[in-house]
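Across the two complexes that follow, chain A remains constant while its partner is chain B and subsequently chain C.
== the complex of A and B ==
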């Protein structure tokens, strides 16, 4: 297969930095081709890559895991804005460009420019990747929120940081709350391995014909991006099949089909804008596409949730991202104290595992939802999903924010308080649902 | 049942707190256990507060971030307590019931009455190790203070052994190298010049590790039903 691939021609070969004059390619000598290994990569099917290819375990940072995922994902364009506080991810993708694994790479003006350029590149039909964090996510959110409506497949990684002043450099995943309502698919990685898998699988799910949507892969920055963990990876001589632009739900940009076509179409147009009903239908279709991605998430990612010891457990701890890692330890401490606690990790935040949670939570008496943000966006989604399907008391907490670590003992405390009725140290009563106090319940429901 | 110790190490810049945590963590892994470390410090300068968090277990560790409620705290420099040079004040904040505090000081320190009462209520075991003195006596310099702390905690927890610690020290100075930062790399080269040869450096470091291990054993910190080393053995046998 690799013989059939044409020799690569750069559309913008790097020129002399001072004169911008093109630099003559080095004379053919015995020197090793820096792109040599990348050229030898062969395409394999997604199924082979994910389910059959042998893997080797390495001890790497989350940023390195993202780099290795992109190396194996046949990415055409990566665009960086190296904001601080971010992570080394986009710098490492630059290394991949140097090695020929990514075809085009440049630094944007800022995040608005980066996210807009990703839109253009994806519309042109190529596979795109970018990463940002915290304030960068919010600066880029206007174009990000427009990606789903334009039906643009791409993978964006969000290494969550604090967004509100004063800035901090450790994680607080409040920015995910903003991404949840864009119409994009959102996964939340617990560790380096998740980050690696979700990025690669994200490309494949994103480009499915009946999905054709961007995928956001979020992780809690610093704890995942800067820390090392074990990551099992396929051999780097393999890559995913290239994006087939003509499989998408909408036509890609070409000279015969100008992108302005949509707004020039008479039935779609009312005055200078789309008719409201057409726009309404368009939004419905975006969210219907989010729904249709469920089957692919089930197939490639073993489901929207991971559940452990749920059967027969009175107590469930539900978490995503780094809070899931802490929750695994909380379950262990609960067991040592003689409390049987089950654990549910939510891999996919959009689409949200509504039916899964309704089934898993049906018999629970207490649900504790620890989060690395102030507002408790996950608890609100869980409570809304299971309302009427579970009689469990739901504790929207404990919460840490501003970059604090979450002591595992905090989660165990909430389990004990929830079971005994003892007053919690950290979770206000207004964040505990299902207790007999209707005023506190009303207060919480008001904020949903 | 998982054996699990969360260890908070506090010291000051230049003492090798992060290096010590890395060596101890590696030594636990060398001895067949599981371990993770999380260093925490501000600007890199001598005598500025440094904390490093080490989790050790015989089972996989998922937990991340700083350790707020440690089983063990290690104070590398008395000024952490006397000058409050720490991100955590008082130094025993968050220590679990029946926890251990290993403090580098020549003999017991006196705390104010409130602190005495709180430590008593926690039933905390306070072990005062003359780590800097051991380093001076055995290696002829104070830069192996961290080795003394690491040797003593190895004996106290029973989760590693002298051989695994020796391999970890050699890895640190001869292996691929774990470069924490530019500042640490610069300090490494200073240390190396002072010891003339790396082998001499390793030998002296290991001698300090051994001296502190023996000190902990001789003082009964590893003996008795309540000792962590014994609990580790009991759990391992059960």
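== the complex of A and C ==
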């Protein structure tokens, strides 16, 4: 009951007392203050949170991992929408709002409205979080695609689901293909632990002065959001430092400082040389900011990729998200069969680990890229990155989609087919690059 | 309120353009200015790229003069003619995506309240009839139902002016326009009725040819939105290009339309009346003295 007697001192994100704070309920009522624990949270540095603070392991769902990450991230505003289709993540963030860990929260009208409101709140200088999935991502994609250009720091979680007809709610990460070209930073979480870490680190990277961009943390719906996994977490009595609204590449819109030219100059849309020039330069700057985030991803997330057994391996399996979990097991099976196989997990899709892959893939003979979507967006990016730097045959597959799971044997089959030249059961020849047939290669580039 | 940012860094004043110096020395920031003083101070919006005779521009200019705290006001808009003028004003303007203005304003207003507490930071949405009643309809209505505390102003020219004269939901029935070659087939949308149903604390219609009335409704709407709830102003701001109104007849047209279908109307909740009366000295909303009540 000690919480009940805590004097309430409401502060703004800078830690200054706010005089209008409501008076704490009288301690005599004997009722526990629902915000008691949240009020006792103390801010620690990002370095302490990520590298020093002791962690305890829990067996939780991905949505719960996201909730626990937000609890420790000092989030000001979270805006929710229930379905199209959604995980339970945003309703769990609602629980955090009830407990006082998130200061402002509401259920929006639909994703366009939610993503627009996130844009407004981020402009106000506060830390924002939202989550959506599949068709919701595409419904919100117009505002989402404009966040980077408006230089709006925020973290959005995408729990990937089917977006194409026929309507379904199954896991399928094709929506990431749309996010890759927005100018936002995109991480792909393999499991509950990744989700927890990437969200928290995402806030810090997003708000770095020379980045000032939104971070999208994607994971494969159901496989990560609804399933349980082990997640090592810092004590909930700690939270990250608040967002400093004045530490950004463009000023926040609070009428306390001169607004950015972008906010004032709507006539950028006019058709004249200056308009083209301004818009062109702005896009360059957004992507330059994506580039500048590399050093922070290296620092906080141990790099854009994770590599295992790559040295001396003939075969490399490259994957992101849930496909990475399947690939780890495939590597183990390959090793049992006497195949020298290595594994590369791509943590960050934007920025893309181009140089890392060029180096890691230099000596490989075969690269297999399993994905949970039909189009093979990851294979396309990998092939583009290593072209001219590796002589490996690249197998864009196996692919599963529409909610199918990926048996590990499918990946092992592709490794064996790739090495022996045997015809694959699931990957068409046109999706195999580096074979003798240049026409098949051209067909592949056209088809992806 | 941070008036510091409109001031010069010491020693740099003399190098600043005259427009800027006028704004700092004779602008309305930190002062109480009114439309009756026009010509005696530097306005926040003067130059703009709008068509000659544009009634919308006059309305926007009057509206901005009327903001009770221009130095702490942030405007939000969307695609349309209005933003071309609003973006030229010397106060922050958010120009996001198509029809997103009430969503953006919801997040912005909540975020600013978290950071600044009771210090007023007024958020004012100014968007066209298409932006408000068509493409931004869901976000507009939902922001009202959610009781978001900011002002929404519709610049109603009854047509998509910026895109070249297409029918909008606010166009009158039977009007022939682009995309309505046989005349519009349904009635002008009753956004005023919907604003009341959705819970706006203050709803008013106004035309720009009565500056004092524009000032009055804008001030009330912005003040009520600070504490009480959403407010909505629907302003007839004709498009003299698409409706072929001769430039020198724009004000006459406004008068005619006012008399015909755009009569001044004002709806205000009791809570908002009491708030204006008690906090901002609106005597007409204060309870009548006991003697007067007894007499009546």
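The rule we apply is simple: the second predicted complex is superposed on the first by the 398 of 448 C-alpha atoms of A that agree within 3 Å, B and C clash if a C-alpha of one lies under 4 Å from a C-alpha of the other, contacts with A are read in each partner's own complex, and residues count from 1 in each chain.
As a working rule, contacts are C-beta pairs under 8 Å (C-beta built on N, C-alpha and C of every residue); 3 or more make two chains touch, one makes a residue touch a chain.
Keep in mind that this is a model prediction, so the values were computed, not measured.
Does chain B (first) or chain C (second) touch A:104, or do both, or does neither?
second
Name the contact category of A:245: first (chain B only), second (chain C only), both, or neither.
Second partner only, chain C.
Quick one: classify A:91 as touching chain B (first), chain C (second), both or neither.
Neither partner.
Taking the superposition on A as described, I'd like to know which of chain B and chain C A:118 touches: first, second, both or neither.
second
Classify the contacts of A:76 with the two partner chains as first (chain B alone), second (chain C alone), both, or neither.
After superposition on chain A, A:76 lies in contact with chain C alone.
After the superposition on A, what does A:146 contact: first (chain B), second (chain C), both or neither?
It touches chain C, and chain B stays clear.
Once the shared chain is lined up, is A:126 touching chain B (first), chain C (second), both, or neither of them?
In the superposition, A:126 contacts chain C only.
Which chain, chain B or chain C, ends up touching more residues of chain A in the combined arrangement?
Higher number of touched chain A residues: C.
Which residues would you name on chain A as touching chain B in one complex and chain C in the other?
none
Show me the residue ranges of chain B that touch chain A in the complex, using the header's touch definition.
Residues 1-2, 38, 61-69, 94 of chain B touch chain A in their complex.
Mind listing the chain A positions that touch chain B in their complex?
Interface residues on chain A, with respect to chain B: 191, 223-224, 227, 322, 325-326, 328-329, 332, 336, 404-409.
Taking the complex as given, what residues does chain A use to touch chain C?
Residues in contact with chain C: 12-14, 18-21, 76-77, 79, 103-104, 106, 108-110, 112-126, 128, 142-143, 146, 150, 245, 253-259, 263-267.
Hey, which residues of chain C end up touching chain A in the complex?
1-2, 5, 49, 71-74, 76-77, 83-84, 86-88, 91-98, 100, 103-112, 114-118, 121, 138-139, 142, 146
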